[in-house]
Structure formats: structure tokens, C-alpha cells
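Both complexes below contain chain A, partnered by chain B and then by chain C.
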Partner chain A sequence: MASSCSQALRHHVCKSSRILQEIVIPKKKTWSKEAVLQALASTVNRDPTASDYRFQDDPYLTPKTSSEFKLFSLSQESGRNAAKYFISTYPKYFQKDYAQPHIPCLMPETLEAQIEEVSEAALIERIQMRKVKAAVDLYDQLQQAGTPVSLDVTNQLLDLICFYGDCDPAQENVPEQRNEETEDVQDEPQTKKGRASKASDKLKAAWKENNNAERIFALLSEPNTHSYSALIRGMVKYGAYSKAFSTYTDLLNNQLKADVSTFNALITAAPEVKEKYNEKWELIVDLLKQMAEQKVKPNLLTLNAVLKALRRCGTVGKSQAFPVISEMRALSIDPSLASYNHLLSIFYKPGAPFQGQTDILQEVMNEVSGKSFTPQDPDDAQFFITAVRICLDTKDIEQAYRVHELLGVGENWRLLGNDFQQNIYHARFFSLLCMMENIDVVLKWYRDLVPSVYYPSSNVMRDLLQVLDTDNRLDLIPQIWKDLKQLGHGNRQTLVEELLTLMAREKQNQEVQETFAECALDIKKMYDTGDRGKVMMSWTAGSLSDLVSVLLAAQRRQDAWEILKLFKTHNRVPSEELLDKFLTCIKESGDVNQALELVQISAGFCLPGTPKLIQRVQQEFLLSEQQKSMLSDLEIQTFNSD
Partner chain B sequence: MYRRLLININQVRNRLIHTHNTRLTLPSTKCKERESFAPVTWAPCTARPLGTSSISFSENKESSTSLSEDKGKTPEETEVNAEVNTDGQRNTEMNEGTEISNATLTSQLETEPVVKPEDRKQVETTKSGKESLLELLGAMKVEVTTVRKIRPSKTPRMSERPDQEPMESTHSMFQRAAAEGSQQHGTLNPALVAAVSAAASTLPNRHQAESELLKQLRKHEAIPDTQRRADIGHIISDMKVGKRPNGRSNVRPTSQIRFDDDGKGYTQDRGITSELDGVRRRKSPFTSKRLNLFAAAAEQDALSDLGPTLWDIDLVNQIVQATNQMPRNGFEEMIQWTKEGRLWQYPINNEAGLEEEASVPFHEHVFLEKHLDESFPQQGPVRHFMELVITGLAKNHHLTVQQKKEHIDWFRDYFRQKEDVLKEAEAYLN
Partner chain C sequence: MVFSADAITAPCAAGGSNALFCKNMATSLVRKTKLLSMVSSQLNSAACFRNIHCTAACLKNRAARIRVAKGDKPVTYEQAYHPHHIGHRKGWLSQHTSNLQGEDGAAERVVEDVFIRRFMYGTFHGCLADEVVIKRRGNLLLICAVMIQKLLPSKFYFLIGYTEELLSHFYKCPVKIEMQTVEEKVVYKYL
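So, the complex of A and B:
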């Protein structure tokens, strides 16, 4: 027994020692410097009741309207830029280095050239500082002095000149808003006004014949691929498309290979140099074939350039878009959101009817759902607003939810783009919700999005009112009015009038009528105080009578009476039905004097219904002799005036 | 308004579901009450479409009835209950006790009992309520017979039942008929066999049980697919709720479960879309043929650039500008600061910024005598002074080793320059 025990024990020990030998001590793991913070950041969810993080420092500056949002965010940005400007302009006052270890980004950048002599080092310095003119001058001086400049440096110089189109770049530190530098959205007609005018100006600078880039290029004895690449890219960037192609022919004649960026630029230019759809596409295919011949591996930007070019190839684009994507997949190039954006734009032209293409969006969503994307292309940021535009156009709420879900995956929210694009996206998403969902769902999203990420425009608010109307939840109107006021739409006349009409239209229960009356009086205040330079709203007969009916329905005769007087002061004429209604209300309280006054008012407006009113008063009220005579006087007057 | 339309559609649809649900729940409640059944009440049962519903029924019955309760009941009823019970046990045993790929086994085992009542119902509509109930229940639980045979010790009462024979005979009759449909007794799925042996090992007479089970399974395998599909298609077309009566024979188990899930809302919508997704995925245009311009071989970029060019920097810049880089919370702002180098890095390291010093061992800092060797006098005041200097340097943590060396070198030069003076003063001894 004992022996077996010990045997078993030995066996066990043996086993465990074998296990011990197998233990591998894991290597020390080095964490990236952001890992801890990223883990912490992932625990923070969005708070729908809080404003954007950048406004949380100062509760006073929490924006309540979209214009405030714009103002505050831009002023914050411009404050930063101003500070940067001063530091860069007066670096000598900012030399004290407090930080230990040293923090380079807090120190002023050197903007003045340090090397004065004429040398290659000075040229390199000027190239790094992006001083186009100074670099060109220095290069000329070096040439005149007979100092050879190495090919690499010359290529860098060519890069610089071509990139800026032979002009000095605009001073980057001039206080300006980052937001306004965005490239224009092609399918966004409303973005075009005023916005990005600067960017388009910058692009407008055309490629000049025989500019410094071409001159310096001509001076090169043996230009290499890089030199050609710089020249071609510059030509494409500044609109000299056919010239870019002839330069490319030069390159081929010199027995050189082009690089991938050259091809990308040429593909971008391809739709510009041909007229017909299939010619454009043939040119692109030709370029791709040459890439394959020259053993140039395409990259994601190639794919996106081809797809972007296909957007301008009409029906050819529709047939060729998917083969292109398959081709790139075969080369293990995964499409980015920009590729999908181009794809959607190929199949869904804004304003065009959608015949049987609705499932392209579904296909795309099947592809992208649940994936987290990293920004790889400037056009990536267009995907979400394009997708949601298509959802809105095709009234496809299910896909819209999928798009919105995708936005929540990983870092995808970054790809929604800047504030302006976020606003467009949310406006479209919310309009679609208003169109397709019932009021409870709409309100759920409304509470979630407004106003923490989205400040609805007055049009969207009108949509919301329509939803309230359709689903018969008019009792929510006072609440919505509060939001409207806060969102700065309290002085939108059409919106306010619609609100009043909705409240006046049907009889609600007593409680609701009471809140309606409060709301109506609040609206009246908006009319009275048009302060702070806001547009004053003017009373119309319709809005006044709506207001009166709302107040009458809530049994607030005195308030209604005040409003009735406003008709006269604002030169508006009340309708007969309104006065009739008013008289009914007066009768309930039996106030004879007021009834008489009402008749007088009616007579004052020379309303054709006055005799009827007089008749009603005579029949329904207990009148004294004096009052009777007054009424008959009025009757005669109106009769005469008729 | 589109929404109006949708609401209407929803209402109609909900009404449909409601009716469907009541039809589904009706038989099970009746079962619990143990009333006699008119054929009319059973009519909805024939429309019962899906296998999973039979599972839930049998489980319901199991929870409501137990063997001990059945003692006082009439033979028929007890029989029925016992059968139900064992069936429930079998199901749970199959599903939980053993590791079976549910998709294959349960669908096979469960679709069948559904098919059978349908057939039987069609054949024998003239029977009395009780009889038809028995028939139906019996027909639903075909496998029961084998289970009961396997465990005679556990359920001894069953073998004593006088009216057990006819029922069994009907089953076997049906099975025989089914088996005649195809003579092929093919090999079973290995997963099934493994599951069966695992299940059998829990029983007393395991070898017999295993072979019985396998035999039974083979019978099910043998039932031709076409027949099964046709039956399901028939049932589905009878349902009128499924929205897609166009003979989709291969209804997936997941959507079945969702479909049968009573109580809360109608999830058919999602089910349909997910199914459609599956259909679509098969012919997705993303898998269309390629252009075949490039060789698939991974070609490395021939050009190894000298760092990023201006264009690359600009591309990155454009991407940054196009995307939203605003931090959403304090931590993200700290990440941004960390990237800019403005924040002390996590995890906290109090030697941050001293990276090049980290490779210098401490003795280089502390033991500086080796730097005094050759060029300084071995003794005398200068030596004494320099020893004090290196003691001070050894304790100085502000200077790097290089700076310390430079410090010593400075003194070396100084004393060399002043050598004459020092020698005059007899302070420089060598």
C-alpha cells in the first residue's frame, strides 16, 4: 500500500516537474505610451446630456444653437492660432524652457533661415522651411556660381515647387479657421456658398507655362523617376492634364519607370483629357496595364483614384467598378471607406432616379458592417454623409440604422469628418427618422442627438412638428417649443405660425389646453421682444387668431381679449368665425359689456358678419335699455355702411 | 406618408402574428388541461409548422406533468404523458447531455415529428377526439419507443401497458413505410455516432442502447430528403404567416426559433433580412470577376524612398484635416497630448527623457578614478585636489558621464598649461 502510494507520489512529482520545465516566462511586454489612456478612454461613453468636450471647460460658453456652436468652436480655434502666431513671430520672447524633459512642440519654430551663405545646406534648409521663392533664388545662385547641386536635393526642390505651384505657400500661422480649409464636397451644393472658397482659390492657381519647375527640370542632365514624378504630380494638381501626359511620354522615352504616385496622378487626370466615357475608361485601363508592365504595385490610392475617375464615366463606371475592386482585392488591397464612397456615388447620382440599384447600398453595408476603419484617404470622411444621403433618397431606414451603427464601431466616428459634415449627417439621419419612424422612436433619437451633437435647423424642426401632427401627439408641443426657443428658432416666423396653427386646430383636453395657453403666451412674448438685433416677427391675422383661439380654448378670456386688441394695433382683421367663437365664450361668462365691446370692434373692422353678431347678442344676452339702443345704433351704422 | 403606410402594414402584420400565436399555443394549453379533444380543436395543430415548436410543447408538458402524478390516471392518459415525458427527456438528453451539432441532429429529429402528424391527420380524420389525440401524440414521439426499450428498469410500467402494442405498431408501420421510400441505409454522421455512444454510456445496458439508438438514427437518415422538404414546404404554404409562401424549403433553425418565440414583438423582419443577407451574400457583386491586369504575385516596392516626401506629408495632413480629431473626453485629450509629447507618458517612469543615460551603468558615474591615471601627478596637492573633484563629480547626478569626463579633461588641460608654475612651487610631483 505504502509503496504504491509513494510510487504514485513519485509519478505525480515526476509529472509536475515535467510541467515545471515547460513553463515559459513571458517576455516583458512594452506598452505603447498611449495604451493606458486608450484603455481608460474606452470606458467613457457619450453623455447625451452633455455638450461637446471642448466646451466643457466653461459652462457659460456651452453652445445652445448651431451659430453659437460655430462661434465658440471657431473662436477657440482662432485663439490657439493667435497664440501660435505670436510665439512664431516673436520667438525671442519664448526661449525659456521650463519643461524637463524638454518638450519640442511648446518651443517656437524657427521661421527665419539660419544659414546665410550660398551653399547646398542653405538650399536644403529653405526647402525644409517651404520657402519656394527663396529656394529657387538660391538654386539659381548656386547654378551661376557653378556649384553642383545633388540630384536628391534638386528633386526635393522640384517637389516643393510643384507642390505649391511655383508660389509661396500662404502663411500658415495667419489666424484662420481650420474648419474652412476643408475641400468642398462634390455632391453638396449647399456647402459651396462661401465655404472653402479659400481652398478653391488655392487650387485655381494654374500651372504656368515654363515656370520654375519646368525650367529647373530642363536644367537637369539626367532626371530620374522622382523628378518626373514631382513634375507630373504638380501638373495634375494645377490642372495641366495633357501636359502631364506628354511628360509621362517623355519619361517612357527616356527608358525610365514611373512610380505609383505618378500613375495615381495620371489616373486622376484621365477623365479630364478624354471626352467619351469609354475613352476615359480605356485610358485608365491602359495606364493600369502599363503599371503592370513596369511592375509597379498599385496601392489603395490607386484604387480610389480609379474609382473616383469612374464616377465620371457614367454607365461604364457602373459596369467596371466591381471588377476594379475585385482586382485590388486580389492584390490584397482592401478598399477604404473612400472606395465605398466612390462606389456609392457611381451608382447613386444625386437627383437621378434609382432603378433597381437600391441594393448596392445594402451590399456595401454588408461589406463594411462591424468593421473599424482607419483614415487612409482624405475622401474617407465623405462616406457617411454619402451613405446617409442615399438612405434619405431611397427612404431606407434600415440601412440608415446600419450606417449609424457603423459609426459607433471603433474609431469610425473620426471618419464622420468635421463639425460641418457632422451636422449634415445628423440632419439627414434625423429627417429620415422623422419621415419613416413613429413619434416615440423619433423622440428617443431626438433626446439622444439634440443638442449634444446636433443642432437641428428650422426645417428639421418643422419635420418634427409634422411627426407630432401625424402621430397625434400634439400635447408635446409646449416641450418642443422650449427646445425651439433654446435652439434659437424662436423667431422663425413660419415655424412659430405652424406651431400656433397646430395648437389652435383641435380641441384637446383641459390639461393640455392649459399648457398650450402658457406656451402661446410665451410665443407672444417672442413677438414682443425682438431684442439683441434679432429679426422681429410681425403678427399676421392668422397667427393672432390662432393665438386667440388657443387662449379661448383654455378659458383665458382676459388674455384672449388682450390679444384681440392687438388686431387693431397691428392693422390686422380678425375673421368672423373667431369673433363668433369669442362671443360664445363671453356668453358662458355672461359679461354683457364685453360682448358689446366685441360687437363694437367687429363694427370697427366693418366686418360683414357684424349684423349676425348683433343679432346673437340681442338674443342671447340680457340687455339694459341703454345697451339695446347702442346695439340698434350699431346695426343702423353697419347697415348704412353696407 | 410612408410612415402611415408602414404603420398600417405593421398593424396588419401584428394581427396576423397574434392569430398565429394563439393557434400555436392552443394545443399545448389543451394538453395541460387533459380534456377530451374534439377534432376541431386539433385543426390548428396541423398547421403547426416547425420542429422547434414541438420541442417547446413537449417541454411544457414535461414541466406540467410528472410520472408520479400519473398513477391514478386512465391507462391511455398515463401512457400519453409518459410518452411525452420520455420524449422531453430524450430531447434534453440529446441537447444538453451530449455534444451534438444541433444543426444536423435536432433538425432531423424534430422536423420529422412535425411531418408525421400532418400525414396521419390527412389519413385518419374520421377518428374520435381521444383516439386522434393519441395517434397524434404517439406519432410525434416516434423515438420514444426506442428510449423506452433502452431503459426498462427505469420505466417498468411502460412495458406492462396493454394498449402499448397497437401504438407501437402504428409507429413502426409508419417507419417501415418511410424506410421503404429508400432502401439506402447509409453511414451516419460520425458526430452523431459519437453523440449516440455518449448518450448510451449513461444508460445501464450501454451496448444494446447504443446499437438501438444507432439503428433508430439510421432509419431517420434513410427518410428521403425530398419527402421531408416537400412536407415542410407544404406546411409553410399552409401557414400564411411566413410572408414568403414561395416554397422556400430550407428554413433555417435560427429563424424558426425566433419565429416561435411568443410573447414579445414580431422579429420576423430581422429574420427575413438576415436570411436575405445570406441569399445576397452568395451573389454579392463584390465577388465579381476581376480585371486580370496585375499579376497577383506580391511585388515589393522597388523604390525605397529617402523618407517621406512633401507629397506624403501633405497626404497625411489632408487626412488629418478631413477627419474629426477633436477629443471626446479628457482621456482622449491626454492621448493627444501624449502624442504631441506634452504629457508625461504612462506608465509613469521617472527616468523619462533620460533614454541615452539608461545605457550607461552606474559605475561609470561613480568610479571616476580611472580618468585620473596617466596625465595627473600620482601624489601631491594636485592629485589631492583632483580626488576631491572626482568625489564631487561622483555624487553629482545632474551631469552625464560625458560631461563629467569633459570636466576632468578641462582640469587636465589646465594643469598641463600651469605645469611650469606648479613645478616652481613644487606642487606638481610626478
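So, the complex of A and C:
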């Protein structure tokens, strides 16, 4: 048997050696320096019990509300800025270089320009340090001294001025005065209704008449494509749209060709200079044709500019959007998330009713699912917010899940935007969940997202309460109340009143009723303590009655009695049903004195139901002579007052 | 000044006529050294101590030990155990690889540690509940501190951001702080 085995083995080896004639040595793989870290990171999911990575892992130092989140991250940033101030003020203590290889970002920054003499090198240095005014002054000095400045450097200077709008970067918050030029624009203010509020328009500086850019441009003897490009893009960025077009005509008159970024800027400006949708579209088509004539290849930003302009073109936009995308695809320009964002905005206008366009979102999601995107356009960050808004408006939970899944693919989490945008995204997603899904799914997402990623506002918490109500899980209310207190919504009157109403509405079983009573007493504490400038809530008749009902249902007569006294102190009138209920409860315990006091309270409020109460007491309770006489006095009193 | 009597008598041993002269010289020399030793012994007696110290005073018996006193001084775990308990009942406050065979830079690490401890003590003044633990992982400098909840969390974060940024620029390596807070200093016993 051994020999037959070895024979079989030899046979097998011969066969395999014949097959493996050629040994192909694979190419050596090179891994990036962070490959190991990335591989390790891919094995770990997000921890839903931990807070953001910026914060320390300690209960005292974890933010519990969204305002705390903002406060802590901002204070950490301001600490860093304080350190940077010291480092830049005393750089000589930070010069010693221990690091091998050299780490440039840990060396002190030189904030002041080093080269002092009036020369081109000094101008280049100031341009690199983004000192707009200093660079312009130096350029003027150079001109006066008669030193020729090369065209490249002048172009760089023009770039700098046009990018920052002729003011230094640190002073961006100072609103510039509007001049007549921008008001001359043919576009009526009405078309700006859909855009962001006017406050942001005021913050951005306006393109001033005869500012430094135009002046320096005029001084140039032979402006080239780059100079024109810088000027046009600056004009478009700061709102001088018609001027941009006239500069473009100048460029054509000088027999120069424009480059792709000039065309992108002009396409962005096109909807501003024309009124009617057709005219806007024709202008854009005209520009694209000129681009083809001048043999300028469009890029991704061209596609995005066209789509963004089509948002302002109404119905024309809807018909032309898809052809544009397919043409660009033919030129091997793949749409980025920004293009899809513009596409969705063209078809789903906020606030407008939908007429059967629900499948566009689905098509877009089919296109983008499973792909990892890199940031290529500033508007990429708007995609997720727009997509989830559309899902919320069309109540499409499937697509919302797909959008959320896309967020988990590769690097896409970077495209969610800053903290504010993340908050909007999560708020919309969670509201949609509350609207569409049952309580178990909602609670699963709730535990996943809150509070590690998202701090819900009081509106969203009200949506959550509605879901609890719909699915008849009111027993979870005490837990939600604890979360509400932690999130800082414990003193919002409408929310708290709604909680009380939900608790008081139906009678639950015994244990749940106990927890409700505890919760209700806790809520009462929130009304009492107005410490440290917190917003004070005021009792209403409804909330007090609800509180009393909850306590009565849990057989806590003593606590309910205390609350009943609060009616008087806060000038609120109890309802008859409440007093009736109270009387029934008192009857169970058989405390006659309390019953009499109740009747007296009712008489004190001059309630119309007092005679009925008196009758009930007379019938149901065993009264002594004194008590009977007191009751009959009260009866006469109420009879007289009627 | 120390004469070796043997060295001087040895060459004189050759000539016999010189023997008496040599013997006289030898006896006088021996008398001189005896005188010298008497003087120096007197000098070293309890009356006068004026020696030169060439090494630093280590005081190994007194370092990092809190002596037992009346019983009202609260002492943390770290302070209660003496240095010979390191490795047995205590851990190390500073963790780096410079003390391994073939590694250098131990002295520089010590100097850095001293600076960092003083920096933390001063920046978070009155907030430190216990000694700062410094860990080095590759390039990263990790400062682990336990703080008392004396300041508001926003103030803590301001100081954390400031410390991380300043020390990163100073030591040209990423510096991270891991902080834990306690309500008050954790007392192990009273000495």
C-alpha cells in the first residue's frame, strides 16, 4: 500500500510540475506609511457610547448638550490660538529642531515679512504671506522707483487682490459699503428670494469701483490670459457681474483666449445678468460654444457651474440638465457629489409640490451607492443635506437609509460638512425615522446616534414623543425625561406640558404608574428651581391638573394634595373633573376632613360644580353633626352666589 | 608632599660610607612623616570639618519618602509607598525605551520629563490630584494626568489645547493629554 501511495504522489507531482512550468513573480506591492493604521482602523466601528474624539474620555469633561459641545470645542481652539500667539511672539525659544525628519508645521511661523528693501523678491514674499495691502503698497513703490515688475509676479499680485477682494484676509468680517455698481445689476432682487439671507451678502465685500485690481490691471502694458482671468474671476466672486462680461469682451477684442476658469466664472455669472430663463440658457450655451471654438477643454468645475446656473433657470433647467451631464460624460468628466447635489436641487425645489419626480433621487442613489468620493468642489458638502431633505419631504425612508449607508463608504464621511451641517443632517434623518418607522427601529437609531453624534433639539424630541404615543409605548416616558434633562431641554414649557398630558391621559398598570409618579414629581422640581438664570417655566391649569391626575392614579394622595394647594398660589382654577376624581380617591381612603377641605377649596374658587360636590360628600361620607352643619352653610353660600 | 621614605633610602643603600648619613636622613624623614600624620589626624578630629565635596549629595535615604508623623497628613498611594516599592507595589511615572540595552537619549528624556512636570504643575495650578504620568509611544508624547474638578470643563479644555499646542511646538513631536477628573484628591492613608 505504501508503494502505491508513493506512486500516486509521484504521479501527482509530475502532473503539477508540468502545469507549473512558468513561475510568475508578482510585482512588489508598496504600501503607504499609514497602511497599517488604516487597516487597524477599518476593524473598529464607531463607539456609540463615546463622545467626539476631540474631547477627553471623562464624564465631567464630556459635553451633554449641543451648546456644551460647541463651548468645549471652541475653548479648546482658543487655547490653541493662545499657544500659537506665544509661539509666534517669542519664536526664539522654539527654534531648536529635535525632529528627524524635519516637521515644518511644528516650527514657529514668521508673521512679519523678512525682506525689507523695495524689490521684486520682497513683493513675492508678501504675496505668499497673503498680505494684500502691504503687497499693493510695495508694488506702487516699485512702480514709482521705476523698477520693472515681471508679468508673472504682477499676475500673482492680481490673483491675490482678486481672491481677497482688496482687503486683508483677517478683516473679512468687516462689511464693506455697497456701491452703485452692484445695484446696477440687471437682475431684480426678486430672483434672489430662494438664496441665502441678505446678511451673508452684506458680509461679503462688494467689488469697489476703480479698486486696486482694476488700477494695476490698467497699468499693465500687455495683459495676458492670466491677468484677464484673475480680474474676471474676482469680479464674479464679489458681485460685479456685468463688469465681468465687459472685461471678457475686452479680452476677445485683444485677440486673446480665455482659460477654463474664466469660462467657469462667466457661466456662474450668466444667470445674474439675464432675466428670462431662455436668455440665461442661451447665454450659457453661447459661452460653451465659444469655449469649444477657443479649444478650451471643460473640466468638472465647468459641469458644476452649468448645473448650478441651471438651478436658476426653472423649467429650462429641468429639460437641459440630463443632456448636459451626458455630454460631459462623453468628454470623460465624471460628475461629483456637487453635480448630483445641483441635479437634485433642480428637480426638487424646496417648498414646491412634487409632480412625479420621485424616481430621480432613486436614480441618483443608484449611481452613487457604494462609491467613495473625494472632495473636488466646495458644494460637495451640500449633497447629503439636500438628499436627506428630499427624503424628508417625499417621506422616502428607503432612500434615506441608502443615503446614510453612503455616508459609511470609504472617505465619504469627510463630505458631511462642519458641525452645523452635521446637525442639520442628523436632525432631518431622525425626524424622518420618527415619522415613518415603528418604535423599536426608532429607539435603535436613537441609542446609536444620541448623544454621541447628535444632540437633538426640542422639536425632534417632540417627534419622538409622538412616536411613543402612536406605538403605545408610553412606559418609556420616564427614560425619555431623563434624557431630556441631560440634553438641557428640561425647562422647555411646551415639551414638559406635552409630557405631562401624555402621562395623565390613560390609566396604566401599577408599576408604570409608579414610575410616572416619580417622573411627575421630578418634573415638578423643574418648575420650582429657577437657579442660575435658567428659563423659568410657569404653571398652567392644564399642567397642574395633569400632574394631579398622574399622582392620583398612582395612589399618592398626599403629594396630590400638596399640588392642589398650588392652584391657589399660582392663581389657576382647577377643573370640575379633577375635583371629582379627587373626591373619588378620597372616598377610597375615607378621610372625611380632607373631603370637607376639598369642598371648601372648590367653594373658594366659586366653581359651578360645587353644589354637586357637596351633595356627593353628603351622600357618600359619614358626617358628624358639626360637619353636616358646615356643609349646609356652604351649600347656602354657593346657592346665594349663583 | 607625601614622601616615600623607601624611594629615598634605596639609592643611598649602595655606598657604605654614606650609610650613616642615609640612616640619619631616613630617621629624620620618618620623624617628619610621623609628624605629618599626627597633624592630619588632629585635623580630622571632631574639632574641624573642612573637606571638599566632589560629588552631589544624593540623600538616597530621604528621597521620595514621606515620614510617618502625627497622623493628620493625607497621603496618596503614590506618595505612601517608597521608591524601593517601584516595580512591586507602584508603577513607573515615566515610560520610555531609552533605558534599554543599546538605546541612547535617557538623559534628554529625564530633562524633558522634569520640564513637562513643572509645566503641568504650573499650568493646571492647584488642579493636579496626583503625579503626572508620561508615556512615549514612537513619536507621540502622552501626558496622563488626574485632575480635581476645580475648574469648569471649558476652562480645562482651554488649558488642554494650550498645553498640547505649546509642548508640540517645543518638543517637535505630537503631544496629547489624557485627562481624568476626580472630585477630590484620593487619599490612601494618613501619616
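Convention: the second predicted complex is superposed on the first by the 559 of 642 C-alpha atoms of A that agree within 3 Å, B and C clash if a C-alpha of one lies under 4 Å from a C-alpha of the other, contacts with A are read in each partner's own complex, and residues count from 1 in each chain.
The working rule: a residue touches a chain if its C-beta (ideal position, glycine included) is under 8 Å from a C-beta of that chain, and two chains touch if they have at least 3 such contacts.
This structure is a prediction, so every number in the text was calculated from the model and none was measured.
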Fill in the blank from the handout: Larger residue footprint on chain A, choosing between chain B and chain C, goes to B
Problem - First, second, both or neither for A:629, with chain B first and chain C second - result: neither
Practice task
Check whether A:67 is in contact with chain B, with chain C, with both or with neither, and answer first, second, both or neither.
Solution key: neither
Exercise for the section: With the two complexes superposed on chain A, say which partner A:398 touches: chain B (first), chain C (second), both, or neither. Expected result: first
Problem - First (chain B), second (chain C), both or neither touched by A:494 - result: neither
Practice task
Kindly classify A:97 by the partners it touches after superposition: chain B alone (first), chain C alone (second), both, or neither?
Solution key: second
Practice task
For A:106, select first, second, both or neither according to whether it touches chain B, chain C, the two together, or no partner.
Solution key: both
Practice task
With the two complexes superposed on chain A, say which partner A:84 touches: chain B (first), chain C (second), both, or neither.
Solution key: second
Exercise for the section: Look at A:298 in the shared chain and tell me whether it touches chain B only, chain C only, both, or neither; answer first, second, both or neither. Expected result: first
Handout entry: chain C-contacting residues of chain A that also contact chain B
Key = 103, 106
Completion exercise
Listed in rising order, chain B residues that touch chain A in their complex are 1-4, 6-7, 273, 277, 280-281, 284-296, 298-303, 306, 309-311, 314-315, 318-335, 338-342, 345-347, 352-354
Exercise for the section: Report the residues of chain A in contact with chain C in the complex, numbered from low to high. Expected result: 55-58, 60-61, 63, 68, 71-73, 75-80, 82-84, 86-87, 93-94, 97-99, 103, 106-108
Problem - chain A-touching residues of chain C, taken from the complex the two chains share - result: 149, 153-166, 168-173, 177-181
Exercise for the section: Using the touch definition up top, name the residues of chain A that touch chain B in the complex. Expected result: 31, 33-38, 40-41, 44, 46, 52-54, 100-106, 130, 152, 156, 159-160, 163, 178, 181-183, 225, 233, 257, 259-261, 285, 288-289, 291-292, 295-298, 301, 320, 322-327, 329-332, 359-360, 362-363, 366-367, 375-381, 395, 398, 413-418, 422, 435-438, 467, 470
